[in-house]
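Working notes, beginning with the structure itself.
Lettered A, B, C and D in written order, each chain numbered from 1.
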Amino acid sequence: MTDFPSPDEIRTEELLITIIARLVEGCRLVSCGASSPIPGGGCLLARQQSGGAMQVNVLGSRLNNLMTNGGVELFDWAAQGRLDAFFLGGGQIDGQANINLVGVGDYPQAKIRWPGSFGSAYLYFLVPRVILFREEHTRRVFVDKVDFISTPGTSDPEVYRTGGPYALVSPLCQMGFDKVRKKFHLVSVHPGHTVEEVLDNTGFAIDVPDHVPETVLPDRATLNIIRQQISLEIAETYPRFAAKVFPEAVNAA
Amino acid sequence: MTDFPSPDEIRTEELLITIIARLVEGCRLVSCGASSPIPGGGCLLARQQSGGAMQVNVLGSRLNNLMTNGGVELFDWAAQGRLDAFFLGGGQIDGQANINLVGVGDYPQAKIRWPGSFGSAYLYFLVPRVILFREEHTRRVFVDKVDFISTPGTSDPEVYRTGGPYALVSPLCQMGFDKVRKKFHLVSVHPGHTVEEVLDNTGFAIDVPDHVPETVLPDRATLNIIRQQISLEIAETYPRFAAKVFPEAVNAA
Amino acid sequence: MTGLIHDSVDSLAALIPDGAKIAVPADYTGVAMELTRAMIRRGVRDLYMVCLPVTGLQGDMLIGAGAVKTNETSAVTLGEFGGAPRFQAGIGDGSLTIKDATCPAIHAGIQAAQKGIPYMPLRGMIGSDVLANRDDWKVAQNPFSEEEDPIVLLPAIKPDFALIHAKKADRHGNVFIGIRREVMALAGASRQTLVTVEEIVDGNLLRDDTTATGTLPALYVGGVAEARQGAWPLAFWEEYPTDEAHMASYVAAARSPEGFQSYVDQYVTGGARAAAAE
Amino acid sequence: MTGLIHDSVDSLAALIPDGAKIAVPADYTGVAMELTRAMIRRGVRDLYMVCLPVTGLQGDMLIGAGAVKTNETSAVTLGEFGGAPRFQAGIGDGSLTIKDATCPAIHAGIQAAQKGIPYMPLRGMIGSDVLANRDDWKVAQNPFSEEEDPIVLLPAIKPDFALIHAKKADRHGNVFIGIRREVMALAGASRQTLVTVEEIVDGNLLRDDTTATGTLPALYVGGVAEARQGAWPLAFWEEYPTDEAHMASYVAAARSPEGFQSYVDQYVTGGARAAAAE
């Protein structure tokens, strides 16, 4: 019988890594972007669980770098159909899965200006499983309508699009997205949180099924892999993140 | 005073190398194609005479290779405007400077099939000084009209074209080409040959000025450089050519 | 990555079905001649062969063996050994469909596929019979010019398999290609790349700083087999030169269909290859 | 090649006239920070700055110094140190013209220039406000599709100067870029590439088999100057890490124009840079 730890034994980061690993299961090639320790950890966990069938590219990593053709290669993979999953965040994400990485207020003289759209306006169209990931679940982030569409959640049928939103993961819950209805639905709520809490902190309307399951925790074997192995693999690229979340492993190494 | 050797001291290959070096003088970057020992020699001589201002790419050479971005890089140079001179041959070349590298007879089931057009249909448009070079000067090669236009000598004004025929060099003579009149003219005839011989062996009409000068031979200093230095530089890529034409240098090395 | 390393070149050749679109490189890139012989042994048929940008012995043998239905190339030549006899014969009797191209057009078609775009514009070619005979190429106005400015549009070339020979691969399937950067484009454009190598090595080529820059990552690779002297009788990089005597004997034999067949009997299906390569 | 090696980084900076179109790389490629400081010292103005595909401290400092009129980029960020303060201020007061892009669109524009083609088609972007705000980009029907199939067309980006920092160069002007292949595209697209290096070495990088694959040939290079720790305070390859304390002090200073100016006085026009980089 599978041995599950209790919720209070598990750090939020560990749960999020576990969820992400589940979401990329079965992929041949996945990549995480810059400044993405949790998506990176999820990918590395999924690779470990795939028995070598999955390849993982961690931007900024030396040991998990699969790119030898310059910075454009990631984008070429996507257009070639080789890249099965990627991660996008966003200063704002709205109910139609539109993403805003540019700013708040009128463009271009935004009141608040974020860095910019990066590769989102491309990868969102071409990567089958784009996982929306934010560590902040508030009405400031999850808005009814974004101020600027860095990249749209859905496209008209004549637009070439092989990719798009596959899931949304936050510290409160996991959502799915229906491309026909252009709407998110609640998949599960993490232990210690409630449907009401999700709704209170989400600025767009979502479909909520009659029964919303609790997010399944990592079992103890998975947790051990995260803590003993994935922690150190993440530490190569994200030493400060690893030191904060996995002090035992980092200090022992 | 410049010391000139007598014509019978000079091998045809040495004269052709000298002519080609003159034709590429002032270029920043030149390249010769595959199977081109004489153009290669001419480029290497011109580089030597440029005092380092000219860069030379010899296809197939290890020591004179400037390409580190794959086989496409030569073509990219041309389109970037970096490549100032290149060489083309042709199974047939006609009076409008059209080049045929494909075959004789109806296309595609040619009576005689040559290898194919290589990069000619591109480089001829984009390299300012394309030097047409053949070691055979006959009516079989220099025809009135080619059977297949691998690449045209001239283009209509709306066609983007920064390059084209700059000179034609054969064992008999050197010609120039007038892009407006679309016609070759005789520039000089090599010592030991005559205007009549050129006309007899050329299947297209050419302009012949009242006075046709004799091709200026390499002076003794240039000849020494060819025999002592360029010979060995060519030998790296074309050992059999060098052994045949420069046996003294190759044997001494 | 597991399972990319094959025990034999014949096992690699078995991956290529009849009718596949294959891409092969020029001699300087590294030609998988042992794999070519294995393909002829297996009797593959109806190939669409794209050459980046030209071919020589490899193409001539595949054509002579009746494996190629269509050949898209900028040239087929045995270089200093002369014209390619089975290619010329295939053109002459109409059994080979030729799609004549020009080198940078094939590079552009391959790069378009590498970038996952449907086509790429390219300068040149207008007014040539190369263009006139390619009904799959288009000419269109440059949309960024206010003047009349026609430009050729080349559709992406998407091979099923790229076939190359390289110096070494690791057991993960990473392949060292060194300065032969055209392999990156070829592999990116192709569904998978089949590779023969002089040597399969331990370790991970991507993690070694001195090799990573010149390494094709395994994610492009469909299979690897060791084939020492696998480019023979062609030259391979700086590793070994052309077997000139053998090339001359090929050219002499391949002038006739019978001569070609006896060459195949001897060096492809027979056992003479191993001896000759020594 | 002679005359490519400059005695000082300031001499290299003097090559860049006001109004030039410059291209700068992302931090991982190798950022010419010492050259950036020299450009600010020289007081260059009205630059059109293209970022392949993003920038950080380099762009923020050039913007803060009033050197940049227009910035074409996919992002400006100091990463874990937060938003880029002078960039944000320039956006906020309208003094900076921003051309927001997306990473692969800038790569495609640079690759189009590298290939000498007027534009390149690219998937994605349709329906985004990135596209909606770029009147220099076009959307057109894919001419190879019989269905309705709109695709974005991106004009070639042709910088006057690409600016990079690299590990080493030889005296011929060949530059070792290792696995940072985007430099090839940047250099091919640009009229000339200006390079600072950690070290100028003897010999010829193109003739050494272990370095040739990762070498940018001198034919693309307009000038080279030695600048040890030339990417400071940014990280450079595996050579040295980010100077985190310095980055934090920059972010704190650059929140206000006055703070930025005092940072410049101290580290750009003043003598504190050399001491801080030790």
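The rule is simple: a residue touches a chain if its C-beta (ideal position, glycine included) is under 8 Å from a C-beta of that chain, and two chains touch if they have at least 3 such contacts.
As the structure is a prediction and not an experimental result, all values here were calculated from the model.
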item: Chains in simultaneous contact with chain B and chain D; value: C
item: Between A-C and A-D, the pair joined by more C-beta contacts; value: A-D
item: Centre-to-centre distance between chain D and chain C (centres being mean Cα positions), rounded to whole Å; value: 37
item: Geometric centre distance via CA averages, chain B-chain A, whole Å; value: 59
item: Whole-Å separation of chain centres (CA-atom averages), chain A against chain D; value: 29
item: Distance between chain centroids, defined by C-alpha means - chain A, chain C (Å); value: 40
item: Junction residues of chain D - those touching two or more other chains; value: 111, 115-117, 122-123, 149, 151, 179, 184, 212-214, 238
item: Residues within chain A bordering two or more other chains; value: 62, 68-69, 73, 79, 126
item: Pairwise chain contacts under the document criterion; value: A-C, A-D, B-C, B-D, C-D
item: Chain C - residues contacting chain D, complex; value: 108, 111, 115-123, 138, 140, 142-145, 149, 151, 153, 155, 178-179, 181, 209-210, 212-214, 238
item: Chain B residues within the chain D interface of the complex; value: 28-29, 51-53, 55, 62-63, 65-69, 73, 76-82, 126
item: Residues of chain B that touch chain C when the two form their complex; value: 34-35, 60, 62, 68-73, 75, 79, 101-103, 107-111, 113-126, 148-152, 155-156, 158-160, 240
item: Residues of chain D that touch chain B when the two form their complex; value: 1-2, 113-117, 184, 188-189, 206-207, 212-220
item: In the complex with chain A, residue positions of chain D that touch it; value: 26, 28-29, 52-54, 73-77, 79-80, 83-84, 87-88, 91-94, 98, 100-105, 107, 111, 122-133, 147-151, 179-185, 238
